[in-house]
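Chain IDs A, B, C and D follow the sequence of writing; residue 1 opens each chain.
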Amino acid sequence: MIVENMEIISQRNIASKVYELVLKGPELVHLASQGQFLHLKVSEGTDPLLRRPISIAQINQEKDELTVIYRAEGKGTSMLALKQAGEEVSVLGPLGNGFSIKETKPGNVAILVGGGIGVPPLYELSLQLVKVGVKVVHVLGFAGNDDVFYEEKFTELGETYVATMDGTYGDKGTVIDVIEEKGLTFDTIYACGPTPMLKAIENSFPEKKGFLSLEERMGCGIGACFACVCNVKNDPTKTAYKKICTDGPVFAIGEVEL
Amino acid sequence: MIVENMEIISQRNIASKVYELVLKGPELVHLASQGQFLHLKVSEGTDPLLRRPISIAQINQEKDELTVIYRAEGKGTSMLALKQAGEEVSVLGPLGNGFSIKETKPGNVAILVGGGIGVPPLYELSLQLVKVGVKVVHVLGFAGNDDVFYEEKFTELGETYVATMDGTYGDKGTVIDVIEEKGLTFDTIYACGPTPMLKAIENSFPEKKGFLSLEERMGCGIGACFACVCNVKNDPTKTAYKKICTDGPVFAIGEVEL
Amino acid sequence: MNRLNIELPGLSMKNPVMPASGCFGFGQEYAKLYDLSRLGAIAIKATTVETRFGNPTPRVAETSSGMLNAIGLQNPGLEKVIANELVWLEKYDVPIIANVAGSKVEDYILVAEQISKAKNVHALELNISCPNVKEGGMAFGTNPEVASELTKLVKQVSDVPVYVKLSPNVTDIVEMAIACEEAGADGLSMINTLLGMRIDIKKRQPILANGFGGLSGPAVKPVAIRMIHQVSQAVSIPIIGMGGISTAEDVIEFFLAGASAVAVGTANFVDPFVCPNIIDDLPRVLDELKVDHISELIGGSWK
Amino acid sequence: MNRLNIELPGLSMKNPVMPASGCFGFGQEYAKLYDLSRLGAIAIKATTVETRFGNPTPRVAETSSGMLNAIGLQNPGLEKVIANELVWLEKYDVPIIANVAGSKVEDYILVAEQISKAKNVHALELNISCPNVKEGGMAFGTNPEVASELTKLVKQVSDVPVYVKLSPNVTDIVEMAIACEEAGADGLSMINTLLGMRIDIKKRQPILANGFGGLSGPAVKPVAIRMIHQVSQAVSIPIIGMGGISTAEDVIEFFLAGASAVAVGTANFVDPFVCPNIIDDLPRVLDELKVDHISELIGGSWK
């Protein structure tokens, strides 16, 4: 984990309010793996004050480049969206424990389920799974047609289904609806997205091996401030905890309370 | 007085920590005159919060352009110095009452005395005085050799003397030393610079017609907050006041307490 | 349909946005920029019995997302405010809130009695929270008995409703608020500035000539929201909320905390058009929140 | 020549910079980034008698130039802190300040007595100012008698000097400080966080699950400077200053206000290397100010 000033190589608007940002720097890239995240400082001054946690969407070791994809929602991400190629961003990372690809055997099927802005970290995961011979199926859920991104990129790697809540693109409904309607089968499930989606996955596939990437408001991002803790499942004392920033953001299904 | 988002045409480092910034916009330029100032917002967010008062150094009506010259000293001006051509700056202005050129008759001699970062507003003043046929003499004081700027530009308009406190360039000493040593004579004196310099001018030339541009920490810049008041000379009640932002920044010698 | 109008004791407001006292002078400067009748109300600069020059300069210092001021209640004095400033303001269709200050109880009473008779003064704002004067000011606003006593006396002489402006520099803001309510206050306005200081490390002395100053701006917003959230649940008189407001979203946050109207101070210095801009922007935010009228949001975070 | 070393009751510090309690855990995370022995001291996270999970999440919210936290004193409990965290820290050459918290007086006494016996604990920091717990915490820090009584009892059982950490959420910080000094406190540490709140306008409820939270970061610096300026002139015990420090210049400002050492909190989240960076940068600022030793600056704005 280091702090590096990375150069913006490109910044593209790829869906409604969604940006793809490519960052370059000699060091951090080589420490990173799928499912980890970065803590980005979006401005020089003290407003906004805190860094923003953003997942790594793609790692390009040869070019010393990382890609992140984020939605310009609040103050910080909106300021980040204004930055242009050539400018620098202070990056703390890579942070957290990402998705383990060892959990799925070559030849087995992994289903990767993403909801909205939870989709990005699945891209590097998919690249890595494909590399070791795992068959990947992607189910990507978005609010509507304007929100869809990276469909072709995922399609290049494996079967890809897109669902939108309002039915303006792909199948209408949730990612769970799609999995059930299409009768998709799999050995492992990897998911990232809003908590209700993660809960639904946990409930729908209790017997499956699965990994969920969680979100929480963070302070330090490195395990020191105790902002991002969650309870551990089946802990009657309710004092056991996991830190999402360092123990996660990826947890095995059933490990922590959602 | 308006608020205009002006585009940065160029930004150049012209002396130690001193920058020349050219701003373009269709409206504000045409309201501006010599000795007035602008209130610049140097960042999007709330840090730094307040605008920065910076004098107008040159007005180019044909090109819709204004030049300001400032020293990147504290937080706000340092952030301003990082801005590049193409970016926008929110400008409130023009503010205050500038230098009146009518106070000097064509053919008469005006001496323009600037100290450090008080030099910039004298440049547009000199241009205007020369235009109406006033003979201008410039005495510019700086800390040292690295701080000198715009000497040639002033020289193009009239006799120009440069003094540095440490003697590393031009004459060693204060602007007052130069005026006395060179035996410079004049009908009107216009000055901008640190308060001790303005006081020295007031004391050295009590019988001369003169105008001094003052500085004070400002809130609003438009006369509403009462941050920038000064006492009026010869007011036994000590309740009379002038606001530097609207009644000034230029005052006749003897009008206000320095 | 008017989605923004608010009725408060003495104040019939087109919209809930007013400039905060001390940040808008007596309106003359801003009148050059826009029509003051667009404002919900105007809280004019603190008025004292006598003409005051205020504190020596520097009177302002910047802080992270905030500023300190130590103006020291500079104003032309009661007589001139009534004869000049208020008369000048008569041409606008906007209720005026007169901010009343003083060093002694008698000063407050005198100013309150006379200024409340001015035609366009629809309410008083009792400034017992100014941190920038040696006598009076905040001293009246940090002790519940003193505040209560002063409120009672001012209520007796005022022709218009009285809002007490609370200081945030207290251990128990609820206690202060209740004391004022019980003493007959018609409303509260909060918060005034937090007492602060900055030091010039080169000069080794405070930046402000006065030493201390009042902290305002976005930096103090969380303190204001917290106090309004606490107080609005403890009293039944309305609250004019302020402290760091600079956007329409901020106004909504104050309403949800429990304010029934808001005042915008420091933000006027950053953008002199901020008040009309916020007013124009509020309907957009109400649409986004699917709210018909802004009054539906009052206290919405705890109701 | 060491230009930065500072001697305080119990604390022999290489330099005056320590991470603030609660912003550095028990050091393990930062130890991966730099050698903890470079620090002047370490104020570890608040320790309570029992293991605490703390408040529900969200526990942090951002504000302009600041943040709110409502961690709620999560910690492994006295026994584990002594057996694991403090033992782990022994390998570093750095004095530890143990931050002591609790719900009842007996809790404080128990924690203070036991933790003060740990080998590397050189001082206690009595946390009577945590705004994020229902019982104890700030309740002890807003009443001078209560604070005084607790300080006396803790002094009786502690093997090391006791610093009382003051809450800024009081009307009269000087009164609190004097009460603690008279009760035997060896030093003060100030300020803890200002009580604040932010509301999510879409959800119409506070962002923090706990509702209120403690405001920290650059936004509160002027309040901290003001209080240290006031208190340092009224007491003769040393002050560890904190509240919004993020640069070497900030440290100087705190010294000039009256602090004899400083703690850095929130800034660690923005830049995890901030403490060593500040320490390395201080000599440059001392050069600029033409000062040989940083201790010459203590109280320099009023001395």
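In the analysis below, a contact is a pair of C-beta atoms (placed from the backbone, for glycine too) under 8 Å apart; a residue touches a chain by one contact, two chains touch by 3 or more.
Please read all numbers here as calculations on a predicted model, not as lab measurements.
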| item | value |
| --- | --- |
| Chain located farthest away, centre of chain C as origin (C-alpha) | A |
| Rounded Å distance between chain B and chain D, as computed from the means of their C-alpha atoms | 46 |
| Whole-Å gap separating chain B and chain C, where each centre is the average of the chain's CA atoms | 36 |
| Rounded Å distance, chain C centre to chain D centre (Cα mean) | 34 |
| Multi-chain contact sites of chain C, meaning residues that touch two or more partners | 63-66, 217-219 |
| Shared interface positions of chain A, touching two or more other chains | 45-48 |
| Topology of the chain contact graph, where touching chains are joined (line, ring, star, complete, other) | complete |
| Of chain B, residues touching chain D in the complex | 45-47 |
| Residue ranges of chain C in contact with chain A within the complex | 64-65, 218 |
| Of chain B, residues touching chain A in the complex | 43-48, 75, 79, 82 |
| For the chain B and chain C complex, residues of the former touching the latter | 1, 3, 41, 45-51, 76, 90, 92, 216-231, 237-239, 241, 246 |
| Contact set on chain C toward chain B in their complex | 22-25, 28-30, 32-33, 45, 51-54, 57-67, 69, 71, 74, 207, 217-219, 246, 266, 268-273 |
